[in-house]
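First the structure, then my questions, so here it is.
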Amino acid sequence: MLQQSLFIIMAALVLLTAGLVAFRPRPIESAMWLILNFFFTAGLYVLLGSHFVAVIQILVYAGAIMVLFVFVILLLNLDPKELGDETSLHWSSVVMFVGMLSFLLLILHVAGPQTLEPMEGLLPDSKFGSVEALAQKLLTDYVWGFELAGVILLLAIVGVGMLAYRKPKPKTPKFLDHQERPV
Amino acid sequence: MVETFLSNPDFIKWAFFAGKILLLFGLAFGVVAPVMIWVERRVAGLIQDRYGPNRVGPFGLLQSLADGIKLLLKEDLRPTEIRPVFYLLAPILSVIPAAMAFAVIPFGPPTTLGGLLPTPMRLQIAELNVGLVYVLAISSLSVYAIALAGWASNNKFSVLGSLRASAQMISYELAAGLAIVSVILLSGSVDLMAIAQSQTEMWNIFPGFLAFLVFLPAIFAETNRTPFDLPEAEAELVVGYHTEYSGIKFGLFFLAEYVNMATVSALCILFFFGGWEFLPWLSWEKIGVDLNTFWFIPTIWFFTKIAAFLFFFVWVRWTLPRFRYDQLMSIGWKTLIPIALLNILITTTYLVFEKAS
Amino acid sequence: MSAPIAYVLFLSFAVFCFGACGFLIRKNALSLLICLELMLSGVNMAFVGFSRLHQNEGGNVLYFLVITVAACESAIGLALILNFFRLKKSVRLDEARALEG
Amino acid sequence: MLNSNYLLVLFAFPFLATLIVSMVRGRGQAVTWVSIALALGYFIVVLLGLTVTELRYEATWFLPLGLKYGLYLDSYAYYLILLSSFLTLLALFYSRGVVEKKITAYHALFHALQATVVACLLCDDLVFFYVFWEAMLIPMYFIIGVWGGQRRLYATMKFFLYTFAGSLFMLLGLIAVYIYYYKATGVWTASFQTLMEYFQTNPMPVTVQSWIFLTFVLSFAIKVPLFPFHTWLPDAHVEAPTAGSVILAGILLKMGTYGLMRFAVPLFPEAAQAFAGPLCFLSVVGIILGALVAWQQTDIKKLIAYSSVSHLGFVTLGIFMMTETGWNGAYLQMINHGISTGALFLLVGFLYDQRHTRDISAYGGLAKILPMFTLILVVMTLSSVALPGTNGFVGEFLILLGSFQSNTASWIWVVLASVGVILGVIYMLHMIQKLCYGKPSKPEVETMTDLTWKEWVLYSPLVALVFFMGIYPIWFLGPIQEKTAGIFATIAPFLAK
Amino acid sequence: MEEQSHLQCIAALAVLLPLVGSALWFSLGKKFGEKFVSIGAVSFLALSFACIAYIFFTATLPLRINFFQWLPLGTSSVSFAFLFDPLSLALSMVVTGVGTLIHLYATGYMHGDAGFGRFFSYLNLFVFSMLMLTLSDSLPGLFLGWEGVGLCSYLLISFWFTDEANASAGKKAFIVNRVGDFGFLLAMFCIFKVFGALSIPEILQTVQAGNFSGDDLFWTRLACFGLVLGAAGKSAQIPLYVWLPDAMAGPTPVSALIHAATMVTAGVYLCCRMQPLFLLHLDVLNVIAYMGAITAFFAATIAIFQNDIKKVLAYSTISQLGYMFLAVGLGAPVAAYFHLITHAFFKALLFLGAGSVIHGLHHEQDMRHMGGLRTKMPITFWCMTIGVLAIAGVPPLSGFVSKDEILHNVWGNHDWTLVALAFTTAFMTAFYMGRLWIMTFFGKFRGHHEAHESPWTMTSVLVILAAASALAGILNWPHLWGGSETLGTYLSTVVQALIHHAEDPAHALQSSLTLAVVSSLVGLAGLTIAYFRYRNFSGEEFSSPAFRPFQNKYYIDELYDAIVVKNLRMFGKFLWKVVDGFVLDGVLNGSAALASRTSTYLRQLQTGLMQQYALWIWIGFLILLLGAWTGRS
């Protein structure tokens, strides 16, 4: 009971922050709300029993990815004018949003009432959500995916390096007029 | 009635929980920070062959209190061109992670408090089995405070300082993380308690010396301490990201720095120096200390070690000069990270052979 | 006992929709990337939820793979935005229509 | 005795050669010699298999869909591989010193072309076949597009898109066969041999056959090219570099007729029977149109290109009339055409390299200036017009003789096709007269030089083959006959009596 | 068996020597000079002749010599094999014999020509092909020779290729021949359809066994027509005779060997060879007879009006070939064959004589620029005289005997149209030959060059051929006149006569003598009229427009050009420009343009705004979702 109510509170917070992310005009605000959103999401994960995932959510999303965003936002330090945050395509997105949600409800309805029953509890000695269990899975069944993820990361590193690298201007030796140029 | 209430196991549990929180946060915010400020200035005096604060209280011991009162009472200055919400948010954000990190730090072996508790309980606020990762996660958040502070101040020096700080922290976080990997490998767990307990036979400093060599500069950089205090380099950037801050807002930054220092010191000791164990090869059990009765001895020993480490921080600060920024980055990326990677290799090899033998 | 899977899915889907809406209506590239992260986060929620439902770590593993991709995507996306900014002195996406047919 | 490993070598060698050639670094002609040496090596490797009658290799590739890496070599495939390796060798040898632009890429592309062609010929699996069938276009696309003449881009696009579009229909057909077999047996397989065996005993309904047959025929007809799908050919030939033309005419066109003989007809004999009339009509139109249009050309290469249309009309006629003798002739004619038209393109290249024009009127009186060139040209012309004693005669004669006996379609088509024999002489002699006879029309012609040792090396094997195949064709026809007899044994029940 | 292999060698030698020679002279001719080539070429041919003669005298006929399989034809096959029987041996004797003489002659005639080696190479190749033609035991083998001689004819006609006209003439010859070959091919197809074989002995055996269904007879009739077309093409009969006059562009020895003595008679040979087949279809034979007669007549009328000495001889050849076909058509193959042989001698003689004149006059061919050469070229004159008399049918020269036999058969056939045509032609033959003779050798010299007698290599050949022309009649001197009809007996195993003359020998003798007298009178009349007409020839004649059709060969060339060639060209152009260029490429480029047009509209969807694309993705997703939902069962 406690868990369920906690879940609902957390979910409401997640939804709230998500909406703020989507509709606050300035990117920095969006970013901050997103960080908060990630925290709540992490809380949700804890409630779902995936502790490690929750921590990783904070470590990677909040701690790494969003830092990058914030970093770039303040690096660019843009005027509101340049940001151009008047929104476009407003009506269509709203229509679609409503449409999608109703579809979701329909699908849930179709999938059957058992989806609305609470999930079964974990066994007392369940290792679910622990590092060991996850690592076991990751390094056996999903080892290729894991390796692939590594490769993707490497590619991203190289790619970002390539994108960010600017050739330093070649230093041209300057000679004073009275000096002789080396032959 | 009161007695029954007191002897209710639930109450004892809650009380124990509250006690842990009080102890740890009290120590961190009430003791470590003020004392460290005093120690820092006294040691500075010592090293620089001068007195340091000695007017307020004996040996100037109350100097920190006086400073605190001053900061609290100062006018709340607000520059005109700031970004208001974030300007206020930044100092708060700097303290929160610092405090949160403390939640998972164990400060003694599981104990019944001399029979007070029905079952042995951990001397740790939150019994998280992924504590190490949690600490990393939380400490990675402290960047936001600095970044936002600089940006919200709308001041060139601040922005530069915060950019420096962010880049520096991200870089060194990486090195620190990689260094810790070998610790995880050695201990076989990410639970901080388990890491500490795994060092009863031998401290990790010996097999993981290389990791320590990486970890040490990394924590200096993460706490923005000299020789890596580039973000607040007075000579270049006034004081960097908190140039525009004063009063209690500045105080919060100040506080957070010392709390962070305490956190990383604790971590360093947990990782490499056997936590609350007596000496590298001598656990308390070995020298015959009855931990059931004298459950507080490891805890005190642990805090002593932290104090020593904090002293080391101060010592370094007043001894070494600051790096240049490009040197800082190249040390981080080109020296520490490769060494850390190499170290992982070495450690795994070591473990494989050890397992085989 | 935990919340029903339908709740988790609903939440996941709602978050995803918020992200998608943001993606559609925002005009600057930074916000776009942020909304993208939100969408991915929504998807992740479903993974974790299902993982919990079946008490199988597979979903969590997928969560890992997704955040790997998310990290790569944001890093490269931001690098692109920086380059774009150098080029156009703006991050407005309607400036980026060189591929107009 | 060679075993299936030989197949692997046969299959892999050109791919490796492509790699090696593309990796050669060095100034000047180093890459050329490496490339020629590799081509020669491959030719020798192919020659080693002369005694082989049938070889098979099979390895699982993607079992759930029944796809196999299956190689299958019989005499139908073998002689085309032989021809391919031979012509590639000659084409590369010819290019020595002629091609100056991007030599490495040029040679690598030719080896790649060889590789895809050989792979296509060796494949037993329909999916593999389709893949290499399409892959063949790519090297050729670049060869024409990079080293071609003035309008090379137009020509190469036309070539590529046209043949590609046709192939897509075949893909539909392939999938249809594949699914049909699955529906019928519950097993996925794309192995041609398996499908063949199955459809012999359990033929598809004629309507189904017809649709699939038409998709196959469309693709192959474009490649051949059969009238009215031939318009890409003159453009491609005119713009292609000489060596490219040689390979295009000598090998790529043959893939279409090969496909008809190997896949389209044996798999769908009843449909082939049903459509024989219209297809023979198209072949005959091709023969006559090709000849008449060739006569009107002023561009030598275009003339030869249209002559190809005409010649291949004979081949398709022989195939669609569906008689054993006709098929033997058709197969032989494929090889003949490769040799004679290949040689003619080389000869035109020889002229072009000296004068940089392909306009007939820019020449004249070459017989006096270049007597040896004229000799070779005349010999190749004679082969092309099917003079008895040359290879061309054997092929055409067998085609016409065989087709005349056919019950599949009317003998009138053969009579009309034989008119093409007359027309063939008209345009070829027209070309000879304009090029070689009369007085040298331009002073530039007088300064041209006759064949050097290099050209002799190039042409003498071709000339020898022309006569050898014309006088002792049994050497080629023996194995082919057996193969054809095998095919006809299986499709005979479906043919008209 | 031993003898077989021994003969095999000799037969192979006979055929291969010229082939080897051909290759040798072509490649080495320039290097080793004329002497090497002339000695080599003549001796090779002589050796070949000797080989043939050896077989002729020693072998038991028919002799079949097999070499190796050539064309596999399913159940049967075609081999390289020689069939020595009277028919083929007789012709090969002529070919190699006359060929040797003409080679010898040519060494003189072609002296100093730049293409000396090449010429003899072609000539030797021709002999090889001709031997293949005569000796092959299968139709494709025969066809090999058939086309081979066509090729050599082409090469030799356009031998002096720097003149475009010569090249055109060669081309024309080849193409027209190909039309005939088309018939030949068709005939082979039909024959194979019926007999399932292409080996001549096999076919003939089956024919003689008889027993054909109506369907088979359709095919055999078609085959016969095909063969006739082929023969007409090769032997320059109406309607395919147009190439032969133009073929005179080649060097004169070529005209003598190929276009008079040997190649053009191949059609006759073919008809004789396949005679049993023709006997199944007498109507086809009738067609042949009429074709021959009409050709003979028309060619003669044209010959009268020609001024080029070689053209006269060319039309005369066509005319004489017409006689031969007439004989074949009437079912008198022996007569045809006999005329073939005598014609080979006297026409070769005439051509070589003309060649000698042309050579003497430095390549002047127009008779209007000749005259009075009797004294300047005495040997040539006398030899030519014999030739002229022989062709005109003056007894007892060979021409008389053979022509008389044909006329005899025509008479015996009781078809008066043919009789009239044959006799008129005989008269005209004598007339134009007399005209030629007189215009060339009598009267004043009207030329520009100093005439001289030809070298011994040429004159000696003339003398030999003159002797042969005079005496060849005895080869088949009729029984009635006390002869033995050697040739007839010799050939009797291979061909059969259809016309059986009256039973009563006395009556037969009487009628044959009457005929002989009439025919020789006709010949003499022609000569006499010609003498009076051209005795004082000044260089001008036939200015009347009425003669124009004759001078212009009835405008047949122009007609062909207008009807066939022009239209074919137009059609070709139409196919190229309209069908290929407009329709097919139009459809192709049109579809490409359509795609391009469509894409210009569709590309407007490509706004470049990423978010719009995302919107499309959404919409697509929605549709999929809708589909998934509605598609749920």
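Per-chain residue numbering starts at 1, and chain names A, B, C, D and E are given in the order in which the chains are listed.
Rule of thumb we're sticking to: a contact is a pair of C-beta atoms (placed from the backbone, for glycine too) under 8 Å apart; a residue touches a chain by one contact, two chains touch by 3 or more.
Computed from a predicted structure; not experimentally measured.
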Report task. Give the fewest steps needed to get from chain B to chain C, where each step moves from one chain to a chain it touches. Result -> 2
Report task. Give me the ID of the chain with the smallest distance between its Cα centroid and the all-protein Cα centroid. Result -> D
Report task. Sort the chain pairs by how many C-beta pairs are in contact and tell me the top one. Result -> A-C
Report summary line: Farthest CA centroid from chain C: chain E
Report task. Compare the CA centroid of chain D with every other chain's and tell me the farthest one. Result -> B
Report task. Determine the centre-to-centre distance between chain A and chain D, using the mean Cα coordinates as centres, and give it in whole Å. Result -> 58
**Report entry** Distance from the mean Cα position of chain E to that of chain A, given in whole angstrom
**Finding:** 94
Requested in this report: Just give me the whole-number Å value for how far the CA centre of chain B lies from that of chain D.
Outcome: 79
Query raised in the report: So, what's the distance in Å between the C-alpha centres of chain B and chain A?
Result: 27
**Report entry** Multi-chain contact residues (two or more partners), chain E
**Finding:** 611, 615, 618
Query raised in the report: Residues of chain A touching chain C in their complex?
Result: 3-4, 7-8, 11, 14-15, 18-19, 21-23, 27, 30-31, 34, 37-38, 41, 44-45, 47-50, 52-53, 56-57, 60-61, 64-66, 68-69, 72-73, 75-76, 78, 82-90, 92-94, 96-97, 100-101, 104-105, 108, 115-122, 126, 128-129, 133-134, 136-138, 141-142, 145-146, 148-149, 152-153, 155-157, 159-160, 163-164
Report summary line: chain D partner, complex, touching residues on chain E are 26, 68-74, 80, 140, 143-144, 146-148, 151, 154, 158, 161-164, 166-168, 171, 174-175, 178-179, 181-182, 185-186, 188-190, 192-193, 568-569, 571-573, 575-576, 579-580, 584-585, 588, 592
Query raised in the report: For chain D, which residues are in contact with chain E within the complex?
Result: 158, 161-162, 228, 230-231, 289, 292-293, 295-297, 324-325, 328, 365, 367-368, 375, 382, 387-389, 393-394, 397-398, 400-402, 404-405, 411, 414-415, 418-419, 421-422, 425-426, 429-430, 433, 436-439, 471-474, 477-478, 481
Requested in this report: Would you mind writing out the residues of chain E in touch with chain C in their complex?
Outcome: 602-611, 614-615, 618
Requested in this report: Name, in rising order, each residue of chain C that touches chain E in their complex.
Outcome: 20, 23-24, 32, 93-94, 96-101
